[in-house]
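After this come two complexes, each holding chain A, first together with chain B and then together with chain C.
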Partner chain A sequence: MKNKFNLFLIIVIFIFIFVIFYKSLQDTNIYTPSVKINNEIPSFSAKLLYSDETVNSQEIFESNKYYLLNIWSSWCVPCREEHALLMDLTKEKNIIVFGLNYKDTKINAQEFLNELGNPYEKIMFDKDGVKSIEWGAFGVPESFLIYNNKVVEKYIGPLNKELIKKIKLLIK
Partner chain B sequence: MKLLRLFFVIFFIIFPNQIKAEEGDLKNKITKNLRCLICQGQSVYDSDSEFANSLKIVVNKKLDEGFSEKEIYKYFEDKYGEWILYDPLFNKNTYFLWLLPLLIFLIGGAIIFKKFIKKHQ
Partner chain C sequence: MIYSIIGYYSLISGLCLGLILIYFSVKNFKNSKLLDSKILSFTFLQFFFVVISFLCLILSFVLSDFSNETVFNNSHTTKPLFYKIAGTWGNHEGSLLLWLFVLTLFILIFLVRSKNQPIKYKILTLVFQQIIIIGFFAFIILTSNPFNYIYPTPIEGLGLNPILQDPALVIHPPILYLGYVGSSIIFSSALAATTLKMINKSWAAHIKKWVLISWVFLTIGILLGSIWAYYELGWGGFWFWDPVENVSLMPWLALTTLLHCILVLEKRLILTSWVIILSITTFTLSMCGTFLVRSGILNSVHTFANDPERGLFILVFLFSLIFLSLIIFFFFHKTNKNNSESLFWLSKETSIIINNWFMMYFLSVVLIGTVYPIFLDVISSQKISVGPPFYHKLIIPFLIPFLLMMAIGPSLKWIKSNLENKVYLFSLLIISILLSFLIVENFDKNILINTILISSALYLFFITLRDFFIKKNKNISQNIAHFGFSLLILSILFNNLFSTEIITNLKVGETFVSNDTKIVFENINQKQEKNYKAILGNFSVENPDGTTDKMLPELRIYNQPNIVTSEADIKTTLLSDKFIVINLVQNQEYFNVRYQVKPFMLWIWLSVLLVSFGGLVSFFKRNKHEK
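And then the complex of A and B:
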């Protein structure tokens, strides 16, 4: 009786471990950041890049309007690639593009915009990267589609033509 | 009187340093428990990436604002999800993870105890 019970126990434990290992086989161990959307936009104040005016993040976003907040930097190569798409997006009437300049210098940022154009209606300055952390960002570039003071979509990495198409569809 | 003065001098030299040291310890402890999300396998404490450096600044700021260790973890968890914490919090997804070692310990203990009693009988 006792032997049978022990055998049963061993089999149960074996099956249990097998199931756990088998399930973990299918899990990827490469981390893909969970995109937390429909979150309220964070509250913080930031200086604008070209004036010493300080703005509050919750005041500049009006409800019932679409905004695209783009985190960028002059030293970031993918930002350069997506910049033309942002310029293209500004032609849309229903969306306002804001910029959050990440760990950059004012001179370099200005040169970057002079060269490629300025799609941003307002540019907030994030010298030490703290504001980007408030937004739950990882680095540059990263974009947030905002509607009614909520983050509707989050795009990690550079925007591409397909994403811009999607955004244009969403805001129509 | 001289002794008292000496005591005060020593006290004021050591005590503020002590506070600073404790603050540093707490900051290190927190950043060691935060995962650098863009450099896998490294904590924020170990990493020198832009992301980790910004996170260190935020931890410092939050400590200055009087946030407790738990509140800081909660803040980062809200922003980035639970993956950012090396020590997962105790919730329904992690009951098993936290309780399994305890369970194994208890079962092992019971087996040893049983054998021990058998031997003595």
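And then the complex of A and C:
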């Protein structure tokens, strides 16, 4: 009798552990922050890549203008792919493209831009990745469309031609 | 291309053979006079197919065949040949092939080596092992096929993570796996023996060498990982209580306890439940570690891919194995009441049982520290991280009685004993306490706890040292292992107490002067290697004793993938390590310089080697007796 009870108890414990592990599997963003759409942009200050000047995030985004904040890194292969599209997008008059350089080194970032061109009006430097987390980023590349100090759209992963078309439609 | 096809179909054949083997085993089990010769040949054939498939993957890596997805994701043409080959098991898919390799290798050796064992027992062990093997075959083929084909063929691969490109890390996975996966044979055999009610002295003598060999490999595997972390990660430590380190430590703790229980079981028919539960626990913890690491629940360098589907497969498989073994344990195992009661308080077995409970306590601390953050996150969405202070606070106090027990236990006799040589034991204790007080006295941190800790470790050290001369090879393997362990604890303690560290930012040409050390940053050189560029800092360090060391820490900028790693420069001497590492400081021409003097670092590695050498001695001693 005691034996059966022990077995039952142990099985219950293991089922509990199973459920917990199962749940944590489902919860893919277990170590990543929540998606923030239609939220006010986070406030932070960051150094600029080229000038060492510190800027405040809420100062550089003017209202009534569209901004695309692109989180990128020189070591990130998909960033390389989407870069040409950003070069194309930055020619549009209605949008300003900002960069947030993620966990990168200054030298590598500059080499990357020298090679592929610089679509960014301003590049903020995020050595330890903390600022990107404040933005609610999962990884690189990731882009945020910002209007009136609010995140309108969030694009996880590299931008593609269709997304660029959509962005161009939105800003017109 | 052709290798991928051969490799893939070898895997399928291996899986089919697993199913055929189970069929034959069940048939053979019913009328078991003789072991079917087909069983042995099929087991060999299965192993052969796994080897073929493994070789195919290695060849694909060597030839940089980027039409293979695994090769594309983890290799690059500029990578040295050595790391191309090592890249085979430096990724999720390849390392699972390694799992299969060890699983099939061990069951083959098991069948060949255990000629004198009952046939039913051999067949049943094979069946349980085949269940595990089939599970892994299915896992590989369904969720992580190493031979996935990509079209169009990419010209260049993505490269192996540079921090994995290191000699210690090339042999770390195979060695660790021999221990980790080797515990599967203990698991299968324990289940078979439980079902047939043959958990007894002769079974213990038979399974002991499997426990020993897995234990030796696991110990060395963990050691290699730790050495790698020491000089590659550049954090200047050897153990960080990182979840991934913990999942390798947990099976080790369980296996060590199992080893001691087996030793008792070999002499007296007690602790049978302990042995069965620990055999199950060891393998379950190995599987659990695989699950935690591979599902991406824990983040670390070992997390290859974040794929929930894979995690789910291992999770379901793991729990099926747990339930299977629980049912077998509860329905087939009956404890022998006559024997279990007769424990005298002062005997070898009592001291082993006491230390088993301590080991179980350490195991639970590590287990809770590792999985508690996951539980908390699911239940209350709170994110916490458990760091070294948690483990230190909970483990260190209990280390003291543990060490004392380890010192006294082996000198006791089986069944019933008196404390012999009381004068010796007592005087050594006094000497240890006095000596450690003299050592600690000069340092004004926590005199009491440190004195007690060091004296208990010193006590074990003296006792085991004395036993070398007195016992005349009576149990030399145990003596070596325990002596090694005391040396390990002493080295860790001294290392923690007497380490010094200087952290500063320096420009080229600048000098840092502390009260006894002078660090001069002379210049930097550049070096171009095949797959990385290196910046070498040229430092000269003037020691307190007037000598000067030239030290050349490195920053490596790998081209594919583009990652910067710091290579520490370490000057190792018998008594201490000098460790220097540089990092770039952003936006400035300053380098962040960390210089550490770490005493007895070498002894940490040596003592772990000594501990595993003790295991090896025991392994070979056993073999002699058999013949």
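By our rule, the second predicted complex is superposed on the first by the 136 of 172 C-alpha atoms of A that agree within 3 Å, B and C clash if a C-alpha of one lies under 4 Å from a C-alpha of the other, contacts with A are read in each partner's own complex, and residues count from 1 in each chain.
By our rule, contacts are C-beta pairs under 8 Å (C-beta built on N, C-alpha and C of every residue); 3 or more make two chains touch, one makes a residue touch a chain.
For clarity, every value in this text was computed on a predicted model and none was experimentally measured.
Undergrad: One more residue to check, A:A84. First (chain B), second (chain C), both or neither?
TA: Neither: A:A84 stays clear of chain B and chain C.
Undergrad: Let me test your reading of the model: by the given contact rule, A:I156 touches which partner, first (chain B), second (chain C), both or neither?
TA: Touch partners of A:I156: none, neither chain B nor chain C.
Undergrad: Looking at A:S132 after the superposition, I want to know if it touches chain B, chain C, both of them or none. Which is it: first, second, both, neither?
TA: first
Undergrad: Touch test for A:V12: chain B only (first), chain C only (second), both, or neither?
TA: neither
Undergrad: What is the contact status of A:Y22 with respect to chain B (first) and chain C (second): first, second, both, or neither?
TA: second
Undergrad: A:K103 in the overlay: touching chain B, chain C, both, or neither? Say first, second, both or neither.
TA: Touch partner of A:K103: chain B, not chain C.
Undergrad: Look at the residues of chain A and decide whether chain B or chain C touches more of them.
TA: Tallying touched residues of chain A, the top partner is C.
Undergrad: Please report the chain A residues shared by its interface with chain B and its interface with chain C.
TA: Chain A residues touching both partners: 30-31.
Undergrad: In the complex, go through chain C and note every residue touching chain A.
TA: 158, 291, 295, 297, 299, 306, 308, 311-312, 315, 319, 322-323, 326-327, 330, 374-375, 377-379, 383, 557, 561-564, 584, 586-587
Undergrad: Can you check the complex and tell me which residues of chain A touch chain C?
TA: Those residues of chain A that touch chain C are 3-4, 6-7, 10-11, 14, 18, 20-28, 30-31, 47, 52, 74-75, 77, 105-106, 108, 125, 127.
Undergrad: Along chain B, where are the residues that touch chain A in the complex?
TA: Of all residues in chain B, those touching chain A are 37-38, 40, 50-51, 53-55, 57-58, 61, 79-81, 83.
Undergrad: Which chain A residues qualify as touching chain B in the complex?
TA: 30-31, 33-34, 36, 103, 128-130, 132-136, 138-139
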